[in-house]
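Structure, as structure tokens:
Chains: A, B and C, in written order; residue numbering restarts at 1 for each.
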């Protein structure tokens, strides 16, 4: 009993900091979302009933952004899982210089998002970026990749996949390493081909890792902020704006803290619904 | 296949390297024209006000302080959590998983208020406080898995020899946790090195900016056009420490994740 | 390497990572050392207080005053600032070059001010930010130093947008308004109203003299709101009713204004691309000879004349036109200096304001960048008239400038109007529904901003029109 109390004491500092960083903001947002705290109130909170939530329900921009964020997250995470699996399988094979190869493929993940977001902006530059230079040297004419909604969206997804695919691959690689080689060997002796081994052995055993990567990446992708702020600024015409960016604009540009808190809390609740479902699925999978 | 993978991963970075070595007028010249290399962009970046190494230094300082603080808090917490049973253990564990997945950008507004209330703005060491908080969930989860891997008999034996908790942690358990500490530390280091939203709202003084903000400001804060050459040079300079780190550390990162993930 | 190694390999598993750990620790400590050198210097620089950051001088330490400006303006005032610093006033004026884009520099300033310790004493403030910044309590009123007689020496339009709630918050540095650019080689005189503008355009287009008629800013951003202010006024509508502190975007006149803009695109007077044009894009196209008319700010004229474009020397400038029978008026887009609350050296900062908004600097800005001065005497100066040929038109435009809604909630109102109108321009809805939606959303925003006593709170905090001082 004494030992348990002591161990509780050991946890206290970390739990306190966690409470300050995670629990306090959520409580604070919950309270702020029922206040007008804006330039019209001198930045002081004044209760405004449920006006923020009423506004949220009728705010076409919020729901458009929610849809755009979800679309972005689903597309990029799907691509990352598929590509990450391929990369993990490749990196798992005994190759010459595997360590260096692993490190080099990991590099995009290690770099700050903003750094490469600007890098992509240069690559997509109209007309001087390499992509447009290549198009011109093939006889085409320059294209404004970042001034058309469809291509901007595509490259935002591509930039996200480029950066986080290595992370997914890493997670899956870790999973691959837990699969005993003799099982694979046994299947091979039974005459199973590569694809069959993948389908019958590797994938089923990777399911917990795939689910973990899925949940983790989905949560991060639904909160996408810095990539979009730097690469497209949410444009053109708001077509790539994410919920997090909208919340940021409400707070920092409009100085509307009440509504910003509402948007953040709503985003969190949406996420909870999505991930809660995923989490339950994962538990069931693991229990099975 | 390997070549293809490398091209995908490194292509955009190599393009930045090329850009950083060209004069501005060469950037708008046709693609395949021979152009002389130059180090002018690097000179520009390194002699800026404040010079670029200041940002590198700021980021390194924050990331190191965060890593240290996180490990200092996470090790006892992970150990304590491992000792708990029942609802508390389950609840804290679930909370940690939830927090680890939380998109940190949603926290910036409340954290900004905290910074203002307690005068923590524009202080690199204070910035490591929220960073440590954000890194703690993952760190505790990874370290708890590592503690769980240690044989129980080991600690029992140490206890019988009369070592108290602190001694047991320091002399028996921690030495065995080396790899897990290293991999956790690296992950925390990378996360705080790259963090954007909190740094964006906590730091307003130009000479205290961390690398991601400073680089984003080169682009967003441009006059007429983005100085792509200088920016590319900054990218290359900013990437070198990370390249080094990843080259040295990819093995502990992979092994650390293996252990944490299954148990998490 | 397997993650769950067989027992026999345990030893190897433990020793290898240990080696790596040691290497890492060495690396980290090396980096730490590297950092300590610059880190020790961090604390002694950059604070706004002069005691720590002023240049040490034997006799009198000059007080450092920092001012944040968009880079082009910062560059334009560099020479006068150097002159000021050498004048022995005991002030070291330091200009921080901010980003060019108005919204980006506002974000930067807002971020600093929200934290409660801004790294600057003075801020160059766009007219559209003023109400918001004042409501946030970030500025120090200036009437202690600048009485009513000071502003009386300025052009009437330049006096607008500096005062609020009976206080003076900003000293204007420029007197810019939106202007109509026209091609002197294509027509004898500029149009007098919107109908003439369209008629001339279509005639020129039909005769193949020019590809497009009228270029303006239709991208979803603040520039489109500036266009809307002009068009709304030109059709007798108004965006903001100061006495009720409400928007009036769904009035028949407002819908007519929106219909005119939509028709410009439908009838091919303006290219579909204006829906993605900011000032620069429109200017670029006009300078390439693509169109007969352009809506832009005064600096565009310098840009056209400086460059070697096709239309150089063939461009006239006039005040913005309205519908027949209505008085046209350009949107007021002035910059001015405000004093940050909590600046440790208000007296020195005000001395810097006095110098920076004085005739010497304004003269330089007019000659080099085409910015409109605010002082009436400068408009009467024959030498300046010769070197800045736009002065007459600029003065004329300053007689009827249009203010954007002087409410702290302007940023949101502008954002949602620009979003709606851009939607209309890209074919997502007709003028009627567009303006109705903008009106509905505007009222909703105002309600959620102001609390349950929505309308009265709005009136007391944001409803008062800018005071002429």
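Basically, a contact is a pair of C-beta atoms (placed from the backbone, for glycine too) under 8 Å apart; a residue touches a chain by one contact, two chains touch by 3 or more.
The model shown is predicted, which means the values in this text are computed figures rather than measured ones.
A.B. asks: Which of the two pairs, B-C or A-B, is linked by more C-beta contacts?
C.D. replies: Counting C-beta pairs in contact for B-C and A-B gives the edge to A-B.
A.B. asks: From the centre of chain B, which other chain's Cα mean sits the farthest off?
C.D. replies: Using the mean of the C-alpha atoms as each chain's centre, the farthest one from chain B is C.
A.B. asks: Need the CA-centroid distance for the pair chain B / chain C, whole Å please.
C.D. replies: For chain B versus chain C, the centre distance works out to 37 Å.
A.B. asks: Between chain A and chain B, what is the separation of their C-alpha centroids in Å?
C.D. replies: The answer is 16 Å.
A.B. asks: For chain A, jot down the residues that touch at least 2 other chains.
C.D. replies: Within chain A, the residues that touch at least two other chains are 174, 177-178, 252.
A.B. asks: Specify, in ascending order, the residues of chain C that touch 2 or more different other chains.
C.D. replies: In chain C, residues 1, 3, 111, 114 touch at least two other chains, as defined above.
A.B. asks: Can you tell me which residues of chain B touch two or more of the remaining chains?
C.D. replies: In chain B, the residues touching two or more other chains are 112, 201, 220, 245, 251, 255, 258.
A.B. asks: Where on chain A is chain C touching in the complex?
C.D. replies: 35-36, 38-43, 46-49, 51-52, 54-55, 58-59, 61, 147, 174, 177-178, 181, 235-238, 252-256, 258-259
A.B. asks: Within their complex, state which residues of chain B touch chain C.
C.D. replies: 53-54, 57-58, 60-61, 64, 67, 112, 115-116, 119, 121-122, 124, 176, 178-179, 181-182, 185-186, 200-202, 204-208, 217, 220-224, 241, 244-245, 248-249, 251-252, 255, 258-259
A.B. asks: Contact residues on chain B for chain A in the complex?
C.D. replies: 1-2, 5-6, 8-10, 12-13, 15-16, 19, 27-28, 30-32, 73-74, 76-77, 79-81, 83-85, 92, 95-97, 99-114, 129-130, 132-134, 136-137, 140, 165, 190, 193-194, 196-197, 201, 211-213, 215-216, 218-220, 226, 228, 231-232, 235, 238-239, 242-243, 245-247, 250-251, 253-255, 257-258, 261-262, 264
A.B. asks: Residue numbers of chain C touching chain A in their complex, please.
C.D. replies: Interface residues on chain C, with respect to chain A: 1-4, 103, 106-107, 110-111, 114, 131-132, 135-137, 219-220, 276, 407-409, 411-412, 415-416, 419, 422, 426, 441, 444-452, 454, 457-458, 461-462.
A.B. asks: Quick one: in the complex, what on chain C touches chain B?
C.D. replies: Listed in rising order, the residues of chain C that touch chain B are 1, 3, 14, 16-18, 20-21, 23-24, 27-28, 31-32, 34-35, 37-39, 42, 45-46, 71-72, 96-100, 104, 108, 111-112, 114-119.
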